[in-house]
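Take a look at the structure set out below.
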Amino acid sequence: MRRTTFPNKVLPYLLLAPQIAITLVFFFWPAGQALWQSLYREDPWGLSSAFVGLDNFTRVLTDPNYLHSLQVTAAFSAATAVLALAAGLLFAVMVDGLSRGKRIYQTLLIWPYAVAPAVAGMLWLFLFSPAMGTFGILLRRAGVAWDPLLDGTQAFLLVTVAAAWKQVSYNFIFFLAGLQAIPKSLHEAAAIDGASPLRRFWTVAFPLLSPVSFYLLVVNIVYAFFDTFGVIHAVTGGGPAKATETLVYKVFNDGYVGLDLGASSAQSVILMAIVIALTAVQFRYVEKKVHYA
Amino acid sequence: MIERRPVANLVSHFLLVIGVLVMAFPIYYSFVASTRTVAEILTPPLPLWPGAHFVDNYVQAFTGSLHRIGGVNLGTLLFNTTVVALAIAVGKIIISLLSAYAVVFFRFPGRMLFFWMIFITLMLPVEVRIMPTYQVMVDLGLIDTYTGLTLPLMASATATFLFRQFFLTIPDELVEAARIDGAGPLRFFRDVLLPLSKTNIAALFVILFIYGWTQYLWPLLMTNSNDMNTILIALRKMVSFADADTQWHVVMVTTILALLPPVLVVVLMQRWFVKGLVESEK
Amino acid sequence: MATIDMRNVRKSYEQHEVIHGVDVRIADGEFIVIVGPSGCGKSTLLRMVAGLEEVTAGEIAIDDRVVNDIEPAHRDIAMVFQNYALYPHMSVFDNMAYGLKIRGTPKDEIRRRVDEAAAMLELGHLLERRPRQLSGGQRQRVAMGRALVRAPKVFLFDEPLSNLDAKLRVQMRLEIQKLHRRLATTSLFVTHDQVEAMTLAQRMIVMNAGRVEQVGTPHEVYQRPATTFVASFIGSPPMNLVEGTLEADGLRFRCTSGDHIDLPQARHDLVGRALVLGIRPEHLLPADDGLVLTVQLVESLGAESFIHTRLGEAGPELIVRAGGLAALRFGELVSYRLPADALHWFDATSGLRIDA
């Protein structure tokens, strides 16, 4: 807590005004509307709406399409997070162990971070398109019935790889920072104790990385839940046959395209609950390092 | 530490080279495609080296009108995206600096309430409130405006927290010295706090510029008119109508141009980028 | 130049009072040192004079103007902080000039005054540097320079020397004395170091637990400590203090441990009171038929030695200062006398000095 502050009474409110105004208008108002609308149902012409209680939620949660989408999202998040974390950790450990060339590898490994998810999706689609993608053609020539635009599993695989590819850079940077923060003396002590480099990694570095890993796991799941909308919208449009329809894509599709406000709002509220849960988990981690006042 | 492990070193380099190939190849290959003709692109496998049409394709992309997106030229798209990315980055930094300053350097009723209001925005990303937010934007008449594209994205809990964390590390004595020197709050902000925040601002700028440039869902919702599109939305529209006469070489040029500015920012401002990323997420 | 008056100054944080009423008048041009252990409230008192802390009750006046509600910037004071508090992004020149700039002093006037202060502090060649390019001692000088250029009515120093190494501290002490002799600006200097207090102060304020224990010149404080706290805080090693009572003859002092000390002179007036007897280590003089003490430990510093002794089996410990190197062993018996004029008497309950 800061001891010295300025005595002004009005100025702090003026300083906060822009942020609070934006927050109220663009965050609290819509979020409140989502809560409100999730309890109402509009007639198809949007002329009147009736209070239906939790009916929208029941409808959404018993809808097989929604439950399917939930499964897709869970599988997609898990696969993306595991793939991106494993690759990020592997690269970080390799780069950290080098005596020369760290900087070059670092530069070459981080640029996908700057690629928008939608573009990442298109880049991979371009490589693996069955009609014109070089690798798609090579796969078909090798006898694989490759067509991610028709085969749900292949489509799922493609968006997962594209989504994970973009996120590897982020994980790599954090793992590398985490590894470099481990005091050199710990490695030296372990080396003097006779531990091999591999053993040193598993017994010294890896346990010390666990807070970073945990943090990244949450971030990667949040990323896969929400930020990958662009990948899916650009590559598969949720198809084929809803095989890649994640929750966020479904909210967009039902509300913006399908114009079913009640169901879309109920889905929004469920998503908010998921974000709050994830943020709470993340906050428990943050709390240990940061104290709020 | 003396350590001789040539094999391990070799394995490291081998794995990293493969990693770099996987990470960089999709981008490189698009560049290759952007230098070739439609015919070459449509007869895979495409060679691994750039073709002879670099100048042709890029000139055509900039000067020829792009039929697929309603005659909006690439310059407009790049301009829109730049405006959006810069406005979001600069706006966020200013707004967050001000609110972090208020929360850290003043004591006033409601301080914690405001702090939590800002914090809660973390839990309300656009993606979870797509429809109601869209309605609010329609009600306010902000569809197809730069204001609509940028203003709602300027409130940011993370940037506010980053500045707050940094401000808390500034010693009390520095504030006291400034007060004894006669500096009021605004003067202190301008003369002491801003100059000391320079590296943090630079780091955050890199992160936020990329954040703004890569926005997808928001511009998709906020723009109906083609000439307000960002380059990503236009790119998606070009591809979504893919058929026999899609100008693939132009699509590829557009892809590269959509990629290039943020990638350049990351590569050229690597130091600040890494710092900003690691610190803003702490 | 100015006087400072503190009239029943109190400070509370919420319900908790940390300064319990301070009354001091500081004359124009005086160099006052506030000394006390950490947490005694000395820094809080200084910060109240600076205007960095609110005064809960009472009044502070600078030059007979009550300043309780006046901003630090308008009190015409300058302050030197323990960690120097230099603006890290400004050059030495800008650091020193900042306060003048804010007050709208003309440019050439600023230049003149900064150059003058820099010359006084031998900072002339460092004016373009940034604080992080300076050594600790140089930063200290810049902090002083920043206070100097303002030519304020009052200088406030908050433990400015405690971040310096021992050698630099002695040197800066001398420089501060020289500066004060030259400028004669009223100064308030806070420290926990009693050597600094003794060497710098014209008068010192000894504080403990939010109260003023004694105000006086270093000589007065050393020779006539007003309380047992002052007696034990000023002087190194501290004054020996022994609790006990005087027997009916007024000649024999019975310690609470049961051991006794015979006095050279009867004090009938003190009979029947709970007392603390004090004597400084250097006032115990070797004598053949004196008080017999057992040696516990000897600290030899070369020019002098401190002999830690004990009276009886479990009696009070007494420290004796002896000149030169003392060749004594553990368990050896030594004998010292207590000169009548070197004895200090305190009331054991209140801790206050009892004067004859």
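Order of writing sets the chain letters: A, B and C. Residues in each chain are counted from 1.
Just so we're on the same page, a contact is a pair of C-beta atoms (placed from the backbone, for glycine too) under 8 Å apart; a residue touches a chain by one contact, two chains touch by 3 or more.
Remember, it's a predicted structure, so these values are computed and weren't measured experimentally.
The busiest chain interface, judged by C-beta pairs in contact, is A-B. Seen from the C-alpha centroid of chain B, the farthest chain centroid is that of C. The distance from the centre of chain A to the centre of chain B, with each centre set as the mean of the Cα atoms, comes to 16 Å.
For the pair chain A and chain C, the distance between C-alpha centroids works out to 61 Å. Counting only residues that touch two or more partner chains, chain A has 4. Across the assembly, chain B contributes residues 176, 179 that each touch 2 or more other chains. Among the residues of chain C, those touching two or more other chains are numbered 52. Here chain B touches chain A in the complex through residues 1, 3, 5, 8-9, 12-13, 15-16, 19-20, 22-24, 26-27, 29-30, 33, 41-42, 44-46, 94-96, 98-99, 101-108, 111, 114-115, 117-118, 120-125, 127-136, 140, 151-152, 154-155, 160-161, 165, 168, 172, 175-176, 179, 184-186, 188, 210, 213-217, 220-221, 232, 235-236, 239, 248, 252, 255, 258-259, 262-263, 265-267, 270, 273-274, 277-278, 281-282, going by the rule given at the top. Chain contact summary for the complex, chain A toward chain B: residues 2-6, 8-9, 11-13, 15-16, 18-20, 22-31, 33-34, 37, 87, 90-91, 94-95, 97-98, 101, 105-120, 122-124, 126-127, 132-134, 136-138, 165, 168-170, 173-174, 177, 184, 187-188, 191, 197, 215, 219, 225-227, 229-230, 233-234, 248, 251-252, 255-256, 261, 264-265, 268, 271-272, 275-276, 279, 286, 289-290, 292. Remark: chain C residues 50-52, 71-74, 77-79, 81-89, 98-99, 102-103, 146 touch chain B in the complex. On the chain B side of its complex with chain C, the touching residues are 171, 173-174, 176-183, 187, 191-192, 195-196, 198.
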